[in-house]
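Two complexes come next, and they have one chain in common, chain A, joined by chain B in the first and chain C in the second.
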Partner chain A sequence: MNDLNSKNFTSHLKNYAVTYMFIALSVFFIAVSGLDINYVASQLLLRLNRNAFIVMALIIPIIAGMGINFSITIGAMAAQIGLLLTISWGVTGVPGILLAAGITLPLGLIFGYLIGSLLNRMKGQETIGSLILGYFANGAYQLLFLFIFGGIIPLSDKVTIVGATGVQNTLNLTGSVGLSTAIDSILRVPFLQTVYVLAAVVLAGSVVLWARKKITKTRFLALSIGAVIVAGIFLLPPVANVFNGSHGREIRIPVVTWLIIGALCLFNATIMRTRLGQKFRAVGQSQVVANASGINVNRTRITAIMISTVLAGWGQIIFMQSEGIGTFQTYAAHEQVGLYAGAAILVGGASIDRATNMQALIGAFLFHSLFITAQSASSNLFGNAVVGEYFRAFLSYGVIALALILYAARSARQRKTNLMAMAAQNGAAKE
Partner chain B sequence: MSSEYILEMEHITKMYGPNAVLKDVSLRIRPGEIHALLGENGAGKSTLMNVLFGMPVIHSTGGFEGTVSLNGEKAEILSPMDAMAKGIGMVHQEFMLIPGFSITDNIKLNREITRPWPISKLFGSNLEFLDQKSMASDARNALDAVGMSIDEYALVAGLPVGHMQFIEIAREIDKTGMRVLVFDEPTAVLTESEAAQLLSVMRQIAAKGIAIIFITHRLDEVMAAADTITILRDGKLVDTLKTADTNVGELAGMMIGRGDESVIQVERRGTPVQGGTAMTIRNLWVDMPGETDKGVSIDVREGEILGIGGLAGQGKIGIPNGIMGLYEALGEVTLFGQPLPLNDARGALQRGLAFVSEDRRGVGLLLDESIEDNIAFSAMQAHGQFMKGPLKDSGKIRRYAQDMIKELDIRCTSAAQPVGTLSGGNQQKVCVARALALNPKFLFIAEPTRGIDIGAKQLVLETLVRLNREQGMTIVMVSSELQELRSICDRIAIVAEGKVADILPPEASDTAFGLAMSGYRAQGGDGQ
Partner chain C sequence: MTAIDKKERRRLLSGKQYVGAAIAALAAVLLVAAIVGYAIRETGTVSGSLKNMRSDAVVHIASEGIVDKIARDAKAARLKELRANGYNGRKFREIGLSEVEALTGEAEAQARAEAEALYSSPVVSDPAALERAVAALEERLAAYGQLRASERQAFSGLYVSLVDGTASWTDLTDAAGEDDEALFKALCAVEPRLAQESNAHLKPAFIKLARDMAETERARRARELETQLIQQVTGGVSDWAELASLKDNELWDALCREVPALQDNPTAKDAVMAQAKANIQTAQAGGEVTVQDSAATEGNTPVSETQANYKYFAPSEQLARLESDKDEAHTALWEQLTGIIPSLSGIQSKDKSGILENVDQLLWPGELSFSSRFQSYSGQVGAKDAGFATRLAGNAENLLLLGIALALLAVILIWWETLTRRFGVPRVIILLFFLYLILAAQYYNISIPLMMGNVLERMVMYGILALAMMPGIQCGIGLNMGMTIGCIAGLMGVVLSLQFDMTGPAGLTFACISGAMIALPLGWAYSILLNRMKGNEMTISTYVGFSFVSLMCIAWMMLPFTNPKIIWLLSGQGLRVTHSLLGSYGHLLDKFLSFEVGGMTIPTGGLLFLGLCCLMMWLFSRTKVGIAMTAAGSNPRFAEASGINVNRMRSLGTILSTVFAAIGIVIYSQSFGYAQLYTAPRQLGFIAASAILIGGASVRKARVAHVLLGVFLFEGVLVFGQQIANSAVAGGGLSEVMRIMISNGIILYALTQTGGGRRE
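== the complex of A and B ==
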């Protein structure tokens, strides 16, 4: 039994090596950056709120065996088309956001269908294939925004370059455009109170569930004690002071945005309990077996990419409206979406063939904690903030490369069949 | 009419281009009958099953002639899905199971029991929730029916292979309306006691009125389990008989059959080879997918031509590939008294071994390179031959290649022609020439005549005999063509299930070879 535990522990360490490395790095960076902890915490929550949705859009394709879907970049482009039209038509506020999301839906489904069909022709190469598709689509996007919009499809002067063709390089989302923080500002609640309320809800819920014998005693104890401890920690003055504005700003969270993210978590978890989810998993683990049992493998894969593309588009809208963005870099806003989201989910402990909501959230959290602190940390360490800038790029690509290597190594290990182990035993027995 | 037979396949003929792979074969099976289907590789068993399952490979190559009837009614089976819907199931030889899924999820894969909810009513049944409890209880019943007490929620990954076989069967019998169930080599991976259990499960299933087609090469299991036996050979029906009316020896003879003519006539050696031992192989395990060896032991005598035969997938091809370091291998091998390190392709070449691979387009040749470079390549790499200092000696290569072209009658425009443009037979000759350029003391050659015409076949085999007789080269030839092995080999080892089943003289009877291929060890064979 002991043996088994230590084996589980080692395999846990192996699977989450990157995650632990990032935890250590984050702590180190936060320490050397010299940044105020209140600032770090507020930035972290802000960026998590901005990014979590996009990162979670990667989960379904991973489970369906298609690797990191870098072509979520194309979903982001669909969202940008939606935003552009919304701005041009002058729809503001929540209706504007809903309009942009509504335009993104059919576009994302169509683009997702095309991407999925293409990826079905390059099975085994989906990760690199989707990356290249993203670059390819970038070209088409430039054409669309430089010549077709404003040229062939008339747009309002608000978004086009006056006296020339094409869409402006930067589009403002604030002020009279009225899209910036349209969702975020619906309802903001102090972070601390939210934590207390959530802890109380978990505690009450676990008591009720236990009383109705829906959960085991261990589960009940874990939940209730966990809730109490979390609430306790955030009640401690040194922790509470980080958030309550006693130095710096009081940290508030945009409730509606978080509810949307929560809904996506629920969506991902729910779909896995349906027949479709079972198909995603089956196709992801063995296309041969799935096919033999009558599952339409290609259609299932296309469905996964279609869902992912639409979700990524909506994620991009959440990103754009979030506090601190304000403007929309027409020709560049989508470029790093796939790269950063892919790196983030891998940092959270996901791999090319496994991913969960939790991994996406933890990954986004850790990835951004390094992002926030990299510049200050590097100027403190090297006297030069630019190093931190390089470090970000190095980090994103490095994590992806590392994940690909670890995955290849693991599959190579698995390929060594049991036969050789059997042979070794057999040989040993004979001597 | 209500038929006596649940499945009738009448006068099935299947052509692939000009070649008939099935010629007027008929198969009739009664409900509740266990019907064994016997035959060597290429006898037509799999093609017949492909017809039964409506595989795309059949329809995309022009369909077939003849009729298939289920329960007396003519049936058009359009696809494997269609076959499944009509109650025809298959227990696969390679497990169609998902390791990361529980046993229940595997048994119910794509036949899940689901509960609707408002969203699924809106967006379709794909979004219905899985009803794990009902699924598990179905799985439990199916597992009980095959005598498995294992937890239905256990993951398939890590289960013993024997268990996986039974899970496959449980999945098939869980399907409602199952009428005909095909077992494709179901006992290949099982231990003896598991195999016995499987046979009794088969009988139980048959007792419920399901007809079973039992494909196997193990004749003792056929005798133990089958009611009726159909034997195919070279795409033709040899016979259909009652198990009670036959015996193992007769079946083995019918499977092999005497080929009409030898490929070439070789003068037999007057006296058996008396040389020392060229190679000893002890407990060799080779991890070659589809051709695994599980403890091969055999001695090769100096100066002989040793044949290695056996059915496909039994491990005969794995032996040279393992020893030459192309696939991972474990065991003890000595060459002329010196231990030979395994998993070291370069070392094997340098110690005087050469190998003409069965996969000449994949492993054997650089298809875009010229004939002369292909011939010289291995010798340059392994022995530094054909080199002038650090550069390659093109003149020497050209002269050597021209000698070889003449000697082996390679039909080409010049020594500089890319080998990819040659015919299969001539490519094979280039492979042989390349092996010879290594001046090997010991030559492995696998499937030397596969896919080449009769003239080239004769020339390749004659070359092997000449090398053996004139230069005393020890040759180990692996081949699926028993007739070819019999025509030039001094002894023939038959590999079955990853081990040497028997070593026979070329003039041994068809029955003896048939039995050895089925894993039997005949009495009084020339074993070690």
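== the complex of A and C ==
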């Protein structure tokens, strides 16, 4: 028993080495940066709600065995086309966001189908293929925005460059355009209250479930004690003071955005229990076996990418309307989407072939905690803020490289054990 | 299907091929017509008819000029009348511009119609005299135009070599002080041709140039300092929102406490304060205040090719003489014209010079080919009266282009299957696109030899980088996207040579060798990593390359370089983004033994070096080790069985690739004239990979021919495409879009050729 536990523990450490490294780095950076903890916490929550959706869009392709889908940038492009048209037509507020999301849906499905079909022709190279496909699509996107919109497809003066073809470099989302914080500002609730309410709900729910014998005693205890402890921690004055505005601003969270993110968590979890989800998993584990059991492998893979592309598009809309963004960089807003989302999910402990909602959320949290603090930390450490900027880029690329290397090393080991097992079997058969 | 069936099918033409044959026949007819057109150009009838067209066109310009003038006068008179009737400026504004147009337009149109009836077909009493005057003017215009063009070209050569050869204008002018003679001597030291007697007239112009350039340089340094200060201030303050309540002078004091260097540079105060206020606003709106990295802010560094500024051009005495000759011919022609249209003598000198300018433009637009003459003359008077033979001769070029285009189309249609099977669809498309661009260049009158010279220069620039892909492919690691590691080693070599102030051939050699030396251990370490990652090399090498570039960004900031020419002035630490090699060994290899053939500049030295590298690579792949390496790459199991150490061979290939990349970037930088650090090398792997793939390599197989052909085609498409996009469509973004799509499209294609169930 003890032996098993220690084995579990080592394998856990191995799988989550990157995550623990990032936790250590985050703590170090927050300490060194000298930033106000209230500021860090508010930025962190803001960025989490801004980015979580896009990061979670990566999960399904990973489970379907297609690696990190860097072509989510194409989903972001679809969303940007939707936003552009919405701004051009002058639709504001929540209807505007819904319109943009509505345009993103068919575009994302079509693009996703095309991406999936292409990736089916480069099996085993999906990660690099989707990256380069993203670059390629960027060319097509520029062609569209520089020469076709405002030229062949007429748009309102609000978005085009007057006297030339093409769309303006930056589009404002605030003011009369009315898209910035359209979802975020529907309902904002203080963070602390939300925590207390959530803890109460969990506590009450677990009591009810236990009373009805739906859950075991250990689980009931874990849930209820956990809820009490979390609520207790946030009731402590030093912790509560971070959030309640006694230092700096009171931290509030946009409830509707969080509900949407929660809905996506639920979607990702439930789809895995459906037939489609089973197919994703089967294809991800072994295409040969899946094929033999009558699953149309190629179609399943295309479906995974289509879902991912649409989700990424919606994630980009959430990103763009989020507080503090305010402007739409027409030609650059999509460029780093794949990189940052991919790095974030890997930081959370996902790998090239497995990922969960929790990993995506933790990853986004850790990755952005470094992002927030890197500049000030490097300014304090090296007396030079630009180093922090480069360090952020290095982290993003480096964590992806590291994850790829770890995955390749693991699958090489697996191949070797498989081969040895096969050789042993052959040997046994011969004898 | 049996073999006989296949043979049968091959013999029969498909539908596509029938269409192809028909187009080929049409193309043949057009080509014959074009040849006939060329042949009859020199005959008396045709050239006589063209001369008549020329005279007619000149008269037409004159008559058009007077009609215009009469119409304008009528409009002005009507406007005056309106003013007299109480239409003042306010009233005009009230009724709007279109209404004013309507009020005056009627009178203008009427006057124009009357004038046209009078002047549209003037009677030429003495066609021979007119023809003589026109011919004389054309001759003098040509003489003037040719000399002016050649003088401007000479000026441009001097200008470019002077600007490229000068490392620091401020040093140059500061040394000379106010003394113009001393300054000119210093300039002559940079460019000895300047001292020649024939260039004496340019002396004041170049002295002024040097002073202006020094001024610009000082301004640029001041801006650079400002950028640095802004970076430090922006990064130094952790919470901007806190500063919101401060008054201006309090804010400045607070900033000075944060960055002491501000106190020494009060000139930057306005810019820093503006940025600080913007930061406070951003922070208050809940946004994030970020430091722009230096690569983004250093936008004002020249990274394009030097181009002469003709503001400084001064004509020689001979040119001035020819100009007065030209004026004489103008007077003679004007006499003839007033003889034909008497009312011309009454017009103002402004209108007169306008008409003569149009005549000049018609007679000497900068070149004189039969078809361009025909086109411009018939633009004035139409081609109806010219006769069939003249029209045929005039359109010979267009017929030829159309004929060639159709012939190409026919070839493609007939042999489509064979071509695509042999080269793959994307390569056929790119080849077609290149041929199309050459035809289009001819159509837009873009000098093809000049462009070809540019293509050759770019071949030198990218050739060795593409060659670096080859050993990687051969040894089995596929497209070595991590060649950026080698590029960084090479850049390190360049920066070291600059640190030690090495110039000329010694500097270049030192940069190459030290770059290669640094690349060796890096490539070895990198190869060990790749040997453990078999099957995933391309993905991993891409991200390892990216990470290394970002890591080196930090290193470039921290490494202890000390030469003030290459580090940031203010902080005294960290290398700049862009380093000019123009004062040391920029273009050194390109200029070596360089010569010109028919307008095409051949960068001999660069081509020789590229050829040498290719030859070495070719010889290497013929040696025993080279063959073993290729075997290890193409069939590792077989190679292992026949006693080849596969891992060692893969390491060898990776190291070779890295070293070539290091040398490649040094050559690239000398060709470019600038070395760029930080994020600049990130995408170089992709460019090199697309070049070799376009040349016909795959991720498993590559030859030297693929490198050369690929670089030529890729750069050819880019150079021609850019020029044509500039002259055909407004806006420069199109060529960049084209580069992105071609470069990534060909890599995607190569990936689809290898994929398909390799995983299981």
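Couple of notes before you dig in:
The rule is simple: the second predicted complex is superposed on the first by the 417 of 431 C-alpha atoms of A that agree within 3 Å, B and C clash if a C-alpha of one lies under 4 Å from a C-alpha of the other, contacts with A are read in each partner's own complex, and residues count from 1 in each chain.
As a convention for this text, a residue touches a chain if its C-beta (ideal position, glycine included) is under 8 Å from a C-beta of that chain, and two chains touch if they have at least 3 such contacts.
Everything numeric here is computed off the predicted structure, so don't read it as measured data.
Once the two complexes are overlaid on the shared chain, A:330 sits clear of chain B and of chain C alike. In the superposed pair of complexes, A:140 makes contact with chain C only, with no contact to chain B.
In the superposition on chain A, A:293 makes contact with chain B only, while chain C stays out of contact range. Of the two partners, chain B and chain C, it is C that touches more residues of chain A. When both complexes are overlaid on chain A, the residue A:271 reaches chain B alone and has no touch with chain C.
In the superposition on chain A, contact is made by A:281 with chain B only, not with chain C.
In the superposition on chain A, A:369 makes contact with neither chain B nor chain C. Shared-chain residue A:35: touches chain C; no touch with chain B. By the touch criterion defined above, A:129 reaches chain C but does not reach chain B. Shared contact residues of chain A with chain B and chain C: 286, 288.
Partner chain A is touched in their complex by these residues of chain C: 231-232, 234-236, 238-239, 285-288, 290-291, 293-294, 529, 532-536, 538-540, 542-544, 546-547, 549-551, 553-554, 557-558, 571, 573-574, 678-679, 686, 729-731, 733-734, 736-741, 744-745, 747-748, 751-752, 754-760.
Across the complex, chain B meets chain A through its residues 80-81, 84, 92, 96-101, 105, 109-112, 114, 120, 125-130, 283, 285, 287, 292, 294-295, 328, 330-331. Residue ranges on chain A touching chain C, taken from their complex, read 33-36, 39, 43, 46, 118, 121-125, 127-129, 131-133, 135-136, 138-140, 142-143, 146-147, 164-166, 286-288, 323-326, 372, 375-376, 378-379, 382, 384-391, 393-394, 396-398, 400-401, 404-405, 408-409, 412.
Here chain A touches chain B in the complex through residues 271, 273-279, 281-282, 285-286, 288-290, 292-295, 416-417, 419-420, 422-424, 426-427, 430, going by the rule given at the top.
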